[in-house]
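Letters A, B, C, D, E, F, G and H name the chains as they come in the text, with residue numbers starting at 1 for each one.
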Amino acid sequence: MSSSPLVLIVMGSDSDLPIMQEAADILTKFGVPFEMRISSAHRCPQRTAELASGAAARGIRIIIAGAGMAAHLAGVIAAETTLPVIGVPTPGGALNGVDALYSTVQMPGGIPVATMAIGKAGAKNAGIFAVQILALTDTLLARSLNEYRTEMAQEVERKDAAIQPA
Amino acid sequence: MSSSPLVLIVMGSDSDLPIMQEAADILTKFGVPFEMRISSAHRCPQRTAELASGAAARGIRIIIAGAGMAAHLAGVIAAETTLPVIGVPTPGGALNGVDALYSTVQMPGGIPVATMAIGKAGAKNAGIFAVQILALTDTLLARSLNEYRTEMAQEVERKDAAIQPA
Amino acid sequence: MSSSPLVLIVMGSDSDLPIMQEAADILTKFGVPFEMRISSAHRCPQRTAELASGAAARGIRIIIAGAGMAAHLAGVIAAETTLPVIGVPTPGGALNGVDALYSTVQMPGGIPVATMAIGKAGAKNAGIFAVQILALTDTLLARSLNEYRTEMAQEVERKDAAIQPA
Amino acid sequence: MSSSPLVLIVMGSDSDLPIMQEAADILTKFGVPFEMRISSAHRCPQRTAELASGAAARGIRIIIAGAGMAAHLAGVIAAETTLPVIGVPTPGGALNGVDALYSTVQMPGGIPVATMAIGKAGAKNAGIFAVQILALTDTLLARSLNEYRTEMAQEVERKDAAIQPA
Amino acid sequence: MSSSPLVLIVMGSDSDLPIMQEAADILTKFGVPFEMRISSAHRCPQRTAELASGAAARGIRIIIAGAGMAAHLAGVIAAETTLPVIGVPTPGGALNGVDALYSTVQMPGGIPVATMAIGKAGAKNAGIFAVQILALTDTLLARSLNEYRTEMAQEVERKDAAIQPA
Amino acid sequence: MSSSPLVLIVMGSDSDLPIMQEAADILTKFGVPFEMRISSAHRCPQRTAELASGAAARGIRIIIAGAGMAAHLAGVIAAETTLPVIGVPTPGGALNGVDALYSTVQMPGGIPVATMAIGKAGAKNAGIFAVQILALTDTLLARSLNEYRTEMAQEVERKDAAIQPA
Amino acid sequence: MSSSPLVLIVMGSDSDLPIMQEAADILTKFGVPFEMRISSAHRCPQRTAELASGAAARGIRIIIAGAGMAAHLAGVIAAETTLPVIGVPTPGGALNGVDALYSTVQMPGGIPVATMAIGKAGAKNAGIFAVQILALTDTLLARSLNEYRTEMAQEVERKDAAIQPA
Amino acid sequence: MSSSPLVLIVMGSDSDLPIMQEAADILTKFGVPFEMRISSAHRCPQRTAELASGAAARGIRIIIAGAGMAAHLAGVIAAETTLPVIGVPTPGGALNGVDALYSTVQMPGGIPVATMAIGKAGAKNAGIFAVQILALTDTLLARSLNEYRTEMAQEVERKDAAIQPA
């Protein structure tokens, strides 16, 4: 992806990549330029803060942050910018993502993180939600979203037809 | 609130009103026109579907949906529109909101709901997140958001000073 | 199965098929005609609503709905019909079905969903429960149910005998 | 209530009465004759077994069972009859009903319990679900159910109107 | 095992056998005669009730009951006898035994079930606990228990020594 | 209570007294001499160890241990004696007893703790379970237990009668 | 408290003060100079980062951080310093502190937070643990700790004596 | 490792060794002499108590204790010493470590256990936290810690660079 990214996807560790790739795939599908970064809230806090606080000036409109366990990444990023931040709790570890979910969604009043489902479904939906925001001021994207909805509905119909007795 | 609402706040029951008022208060504070509606995913599904599917045409840009227990409202609304839908799980009932959280956040891939914390903090953050989205294309709002952040930081400083020994 | 289905089995995704087949197998065993459909509460809400609202007129007496994660399917169907709706939470995803359980069972007052256990045991029991309802007005089915109970008890006895020392 | 009850409401303890009264109120409202009994799966197992196994012969069509903590009542009753058994987990105790929910809904394959939400909403829905089953062969009840749905929808509309600005 | 069993091990299904064998192995090791039975609280309730209510007269002193999911077996047995009943929640199903734990341990006041850990450790401890009860009036068993404790402590010491650097 | 106690009730803190009194009341009712002690696994470990290891020599037959939060008391006592140890998880603290339940019941293989329900019902059942063990070799106690069962069943019948319409 | 604080107590909000005062009381009791500050990981991230990163240079040896909900405070502070950071999850909100516990304790490898129990017991223990660290190189503190242990043990003995029959 | 250990790593069973090795690896990396022991709170309580109570006199400064299920080990050790005790909940068993977490972290007021995350990340962080405590009075260790932080940050940067498009 390239040329002035509108969406910044950040993840806390490269082990989150197979999950967060789902978000990237959606953005690619809709033709939304994005940037994908690894940066940890804990291992490189200043770098992460700068990535977040400098995002708006670089033209970033939306940040998607995915992390596991005590997933502070989305909240830490949200604290550094007023851009919309979408959080994706990733599974992994003994609690299998419920820790990441609570750490991401239970933000105290003042600094919101728009939280998606744990894991791949959540990462995919983070990408779609970013497109939905951008589509508010981009009629081509809005049309693409409507087509995507239609395709999803048609896919359900195809699968339904496939299980009917001959 | 009035004159062409940009945000639609929907709740499943009037018992959710004390929670969802937090979102309304934020929108009022930022001068964002909004509309507040009670509509249930289960007791009046068609009305709810129409409220959602007709929202974009009426100029609504963002929908905030709050509900408790098996909270289907946000998901049902998200299924009827490509506008960004923000979900607020409300507490109440024996499981105290963890049911509403899971019912709101664990959306399968394709139809995202941007989920906030359970209860008042979540409703407040839903309002702020709506403003953050609108601020992407409204520099006055963006400035107000920055001021709001500054005020929050200053309030922390004031409270910190208040507990210091004389 | 065929000729005027009495039971409609709906599932949110074809990935739920191996689970929901358990319900179909029971209905087949008892000779109850049924129909099996894939329809999503989120990806094709109108189609799902019509499937539900039109069921009674087509002769359907009972609807079994299976879905995972934020499982809105049973509730959304129950909102569109006064036929008895049986919900089956399916596992899958990081929370392994507890999300689907809460999303299915914690219905607010007014619109009931008769919820079964998570997964295959629940799907099997959904089929049996449908037969139990139909047996209220079908003495042949009632007799079959009693035989089924006897067979189950005998199977326990056989298994018990098998582990006794010679 | 009187004259040949069609529904048997059983609860494990009189402390469950304020919860289970919700089911009774619904049956009264719909004019369905019912019987309300206290009988414990643990303190008087034989009596409970006889209450269940003799129900069909007395003309009972549906059994609603409410209990808390390790709520075995609904399962124990379901084991003694092929009538449809609806389970209501009641809150109370340190786990606030999640124990009763799991004990009621997680029935192994073979003996279904149609489980409702924890507490009053669940008890109310148990009553409605019983009416839905009876309405399959009672067109007057079916009409009443439709009116009830309409009333619920109208009540939502009234509450919605009440919060609109003048 | 043979000659007038003192302990009755009951399990709800033969799928619990690999778990409950741990209890049997302990009883064999301590030379306590026992009987192992499969009987379901739900599929053959009367047989299970008779197994429990007739146990004392047959010389049984302690009953160990293992079951999964909505594990009613131990409670149902405890309701039919005043012999000490030890419950073993077995894993299996989507909730992995937490349902069985709550269904076994959260017995309401009046009818106790002595609950052990979920799974094999719990089944083993059920066997040991039965021996501990019998040892109250059997000095040979008491001595064996003390030797068993000593062996366990020595095994820890051996394992500790094994990981020390040479 | 006095003259050679057969049961030792230990609790980790005097805040557990209102809970553990339920066990004492049962023992008093059945005429079983007991001793009630406060001793903490953490604040006075040696004293607790001695209380446990010396119990058998003093004629104690059964130990009931109640504690909250990370409730180590029952396990620590069980490690010091081969007498049967019954654990009662007490509520209190933010997790409301689920921490105490897991800390008490999930004992690793080798050292069993017979765990009861969280709180008062569990303490009462601990007392009853102790009586059940003692009744194995005390026919008078066995008769009293049977009478107690009969009384419980009669109380259910009285309560059942009390809610019947006149 | 004053003169070159050795311990820094930080909390995310003044609503945490009644909880965190427990830590302060312990430090006062042991004569350890400390500083108490309010600073939020989300509302004033830079200020919080500076508080943490500058602590060592000011002579701070240990940081105690208390926060609720998605409690990022302790982790964010730990990321900015190599001083030992002790985390106290505070209750509050619908999940009653289990969110704060998971957000504090489930730190990924590399940046530890020494987590205490939820709420007042945890805050008190945070103070004691800080004293235990300082006592490693302060024999007077070590002696005070031993006296404190003795007092705790004696208090248990007094409470035990108080419940004994006269 | 050798020559006067400063850190004592204890685990309840050799099955915890693959987890606890992470702590050992960190101490080795930082050149901190340590000792690794297997000792069970339940199978050899006296030995465990002596290991803990004698640690300070042998020059041990910090104890790391790892255990699973009803993990009493860290608490039992903390009760016998005023040295800082770091607890590592290990997964294993049906509850996958949430039992060990609650049993370790929810210590009542008076006896703290500094709890780390469940499993390998927690064991690694236990090692790092021990180093952080020792570094308070060891400038070489403090420098090593800073280098370790720098390396972690650089590793994130390398991984980030590796996923950037060429």
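Going forward, a residue touches a chain if its C-beta (ideal position, glycine included) is under 8 Å from a C-beta of that chain, and two chains touch if they have at least 3 such contacts.
Owing to the predicted nature of the structure, the values given are computational and were not obtained by experimental measurement.
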Set of chains whose contacts include both chain H and chain E: F
Contact-richer chain pair [A-G vs A-H]: A-G
Rotation angle superposing chain C onto its copy chain G by C-alpha atoms, nearest 5 degrees: 180
Centroid distance [mean C-alpha coordinates] between chain H and chain D, Å: 52
Distance from chain G to chain B - Cα centre to Cα centre, in angstrom: 35
Whole-Å separation of chain centres (CA-atom averages), chain G against chain H: 19
Numbers and ranges of chain A residues touching at least 2 other chains: 13, 40, 43, 69-70, 93, 95-96, 98, 105-108, 110-111, 113, 117-118, 121, 149, 152
Chain pairs in mutual contact under the definition given at the outset: A-B, A-C, A-G, A-H, B-C, B-D, B-G, C-D, C-E, D-E, D-F, E-F, E-H, F-G, F-H, G-H
Of chain B, residues touching chain D in the complex: 1-2, 13-14, 17, 36-40, 43-44, 47, 69-70, 93-96
Contacting residues of chain E [partner chain D, same complex]: 12-13, 40-43, 45-46, 49, 68-70, 72, 75-76, 78-80, 93, 95, 98-99, 102-108, 110-111, 113
In the complex with chain D, residue positions of chain F that touch it: 91, 96-98, 117-119, 121, 149, 152-153, 155-157, 159-160, 162-165
List of chain C residues in touch with chain D within their complex: 22, 61, 82-84, 86, 101, 105-118, 120-121, 124-126, 128-129, 132-133, 135-137, 142, 145-146, 149, 152
